[in-house]
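One structure below.
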Amino acid sequence: MPRHFLHTGDWTRAELERLIEAAFRFKRGEDLSQPLLGRAIALVFFNPSLRTRASMQLAVQQLGGYPIVLEPGSSSWTIEFRDGAVMDADKTEHVAEFVGVLARYCSGIGVRVFPQLRSWREERTDPIINAFARQSKVPIINLESAMHHPCQAMADMMTIREKLGAGRKRVALVWAWHPKPLPMAVPNSFALAAVQMGHELTIAHPPGYELDDDLVRDLAMLAHDAGTRVNVTHEIEEAFDGSEVIYAKSWGSRLFYGSPEEELEMRAPYRQRWIVDEEKMRRTGGAIFMHCLPIRRNVEATDGVLNSPASVVIDEAENRLHIQKAILARLFGGAGS
Amino acid sequence: MPRHFLHTGDWTRAELERLIEAAFRFKRGEDLSQPLLGRAIALVFFNPSLRTRASMQLAVQQLGGYPIVLEPGSSSWTIEFRDGAVMDADKTEHVAEFVGVLARYCSGIGVRVFPQLRSWREERTDPIINAFARQSKVPIINLESAMHHPCQAMADMMTIREKLGAGRKRVALVWAWHPKPLPMAVPNSFALAAVQMGHELTIAHPPGYELDDDLVRDLAMLAHDAGTRVNVTHEIEEAFDGSEVIYAKSWGSRLFYGSPEEELEMRAPYRQRWIVDEEKMRRTGGAIFMHCLPIRRNVEATDGVLNSPASVVIDEAENRLHIQKAILARLFGGAGS
Amino acid sequence: MPRHFLHTGDWTRAELERLIEAAFRFKRGEDLSQPLLGRAIALVFFNPSLRTRASMQLAVQQLGGYPIVLEPGSSSWTIEFRDGAVMDADKTEHVAEFVGVLARYCSGIGVRVFPQLRSWREERTDPIINAFARQSKVPIINLESAMHHPCQAMADMMTIREKLGAGRKRVALVWAWHPKPLPMAVPNSFALAAVQMGHELTIAHPPGYELDDDLVRDLAMLAHDAGTRVNVTHEIEEAFDGSEVIYAKSWGSRLFYGSPEEELEMRAPYRQRWIVDEEKMRRTGGAIFMHCLPIRRNVEATDGVLNSPASVVIDEAENRLHIQKAILARLFGGAGS
């Protein structure tokens, strides 16, 4: 069984720290090694992507490898991932063959596969990326699954280090209103990585927007291990007071998972208040503003915030490239990596 | 007129043997030549593709070339291929210009173009790939047309050689039930190449699923030339008795070509029996199981067969890469190729 | 602010001449420099493309660079380009972030973005490509916008030079009937570049198919500066008499911009006469026939014209590759470029 990169929880803090250090060496131009020379990496996008696609293609290419981009179709789910299924309906290929063949062509497989936003009970277990990992004899890299987006989270951790230096920071994950319910992969992975890295985490969201119960339990345990803590609040202002990092992100409620119409009604009252604006930012005393992008301007955060020096969203996106090179070098590099 | 790779019938047995030998040299890592250095190959997918796309991109790249993947749209046919057409309807470009321009940019053009499954009389002549070949001043490589899939067939022949050694084998092409009628390119090309290579071929299918009359006549003549024979049966069990290779594939009936609803009714009675399972495989006394993929598990063949050591479907897919490198090297290599 | 390549009007005649000379050096194989070595260029296609996509990928690659092709979706406009917009509708990302991030990954950004054919008043200002240019810290290359297609126009100028030698030529831009109203980018850019290069230009179109007023005014001024003139006529035959270049192109009327049904009625009477055929070509006494492709055979021009030695449309398409290499080398090359 190869070592995959599915979520940061599988990796120790020391390993994550080393990834960040390696990423800075790539960013500073100190590491010009090409561990992927002569090797191909498949990048499979079941869902559309611009940033991830561009940065991963470039990461593979700069490491000397050859990226093969495959887009099996964003609107239809054509891969069967359940064991023992009788495939007489719309699924045209089983993950066993899909992954088995790609592993013969490529040294690793990056996979983007969003949740279908139908069954919370099922999708909270991240079944598809886990089926890929179970079947694959080569490393699987999660490029955003139903429940995790570890490349984003690691770029976020790198950006916090870059802007604020090493050590524990007061970090706030703040729910934002958005015209439609979005997946939870980014907030899950950000919260997980932040706590693993020892940051003090505040999560602010309206009632009903709780993260997954198991994840919250994991966060508490990891915080305890790291000597820090997680604070959850329904008051947006509380997230800003004294914080050094404001990380805005919208996500959908588990309560109306799969019912976007009802979810919209549920979130309607929060539109006015749950936006990051300059007034709230002033409560922080100089926090940086982060977002994984794409962001809805004047909906999740105002132009004033995004155009201010506090916003580091472009650096954060750039760091995707560097951290992904570090992750690829770690998975596919030599013994010394 | 350049030498194209449209179907194996245009190539002698000796040439096909040399392709297979070259493919093994690539697979064993003995041939690291880069005959495509500094050259581009267009890969035009009128229909979606994962395996062919990945393996062809990689083949071109490993030979030093630069693959340009173009996807003119899988749902609409935007290329006019009839001479003299007045193009005032939905076709936006004539194959003459499409191919003429690509031939200026690229040294060769791979084309995937499925049948529209409308008119058997028209599509049995493979009009679109032939229009490409007629217009092109650079080699056209058939990446699956209405009636042929020669890269797949050559990967199949290579796999038989790899698993069972050289010489005549008892090979069975077995129709399988599938929830929808599929094109005949794979069975056509497999049967053609198997007979060209001197194998003893049994074709088993329900009544009404006959292959094209001209093709069947060609198979008989080629078998005579090669000192072997073709046996057609409506009894699936007969295909298994004593066979060394079971090649499963579903295809649609010419009788209801273009009428998928009626075709489904026609095939309904065959679902229970026309599946490859372990019981049937036991009749062979140790045959290998082959399929071009994607395969519907527990519909075309059972999990038991696919997960058994008899299944070589992943090796078969891997061999696509090696044989395609051999084909490219043959078409675009130097005088010694 | 970087130097963009948005339309030829931003560049002097001397600069355009140097681009053409550089393109010939690439075509003759005299220039093998790789100014893009180790650099990536994003190629963003909001609209589908075959020729531009193939030739730009190849141009970047032959110059040593790495092309990253992104297709944000041809059917939906997902980029918000208006400053200050409240993004609570269907646009998922603002051009500020889209361009800001790509500029971190890539040294330049090629953009194809057709008009939406809704509001003439708005689209005549080419708002989207201009928003890209305003936001970008790296050079933007226009791969066809609502109002301009400068890479095509420069390939056209190169082709005229290649076929007819240096100096002033009598050049005719001739409207052609087409089953649907098309954008004006190609005629705009061809007319602009032709006059900038000092050619004597005749524009023939039916009444109601006038080019943009500001553009026509610019053409007159540029013609005056270059010591040549622009002649506009509603008589197609007049365009042929004595011309050395016939450049056919269909475009839609500003009068029914956004109303394709009514536009079709308006153009119906012109179908018989506004086609380039051999009889009209005979009036020229040996003109070359040009078209940007794709062309509707026997609708815009007859098979007789397209299959005759007068047609240079394939050379013209090939020259896209060479001139684009010259443009890229100019934008991204060293101080000496």
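When the chains are written out, they are named A, B and C in that same order, and each has its own residue count from 1.
By our rule, contacts are C-beta pairs under 8 Å (C-beta built on N, C-alpha and C of every residue); 3 or more make two chains touch, one makes a residue touch a chain.
As the structure is a prediction and not an experimental result, all values here were calculated from the model.
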Since chain A and chain C are copies that touch, is their contact same (over half of the numbers shared) or different (under half)?
different
Fit chain B onto chain C over the CA trace and report the rotation angle, somewhere between 0 and 180 degrees, nearest 5.
120
Where the centres are mean C-alpha positions, what is the separation of chain A from chain C, in Å?
40
Enumerate the residues of chain B that touch no fewer than two other chains.
none
For the complex, give me every residue of chain B touching chain C.
40, 42, 66, 68, 70, 72-73, 80, 84-89, 92-94, 96-98, 100-102, 104-106
Show me the residue ranges of chain C that touch chain B in the complex, using the header's touch definition.
48, 50-51, 53-55, 57-58, 61, 179, 293-299, 303, 306, 313-314, 317-318, 321
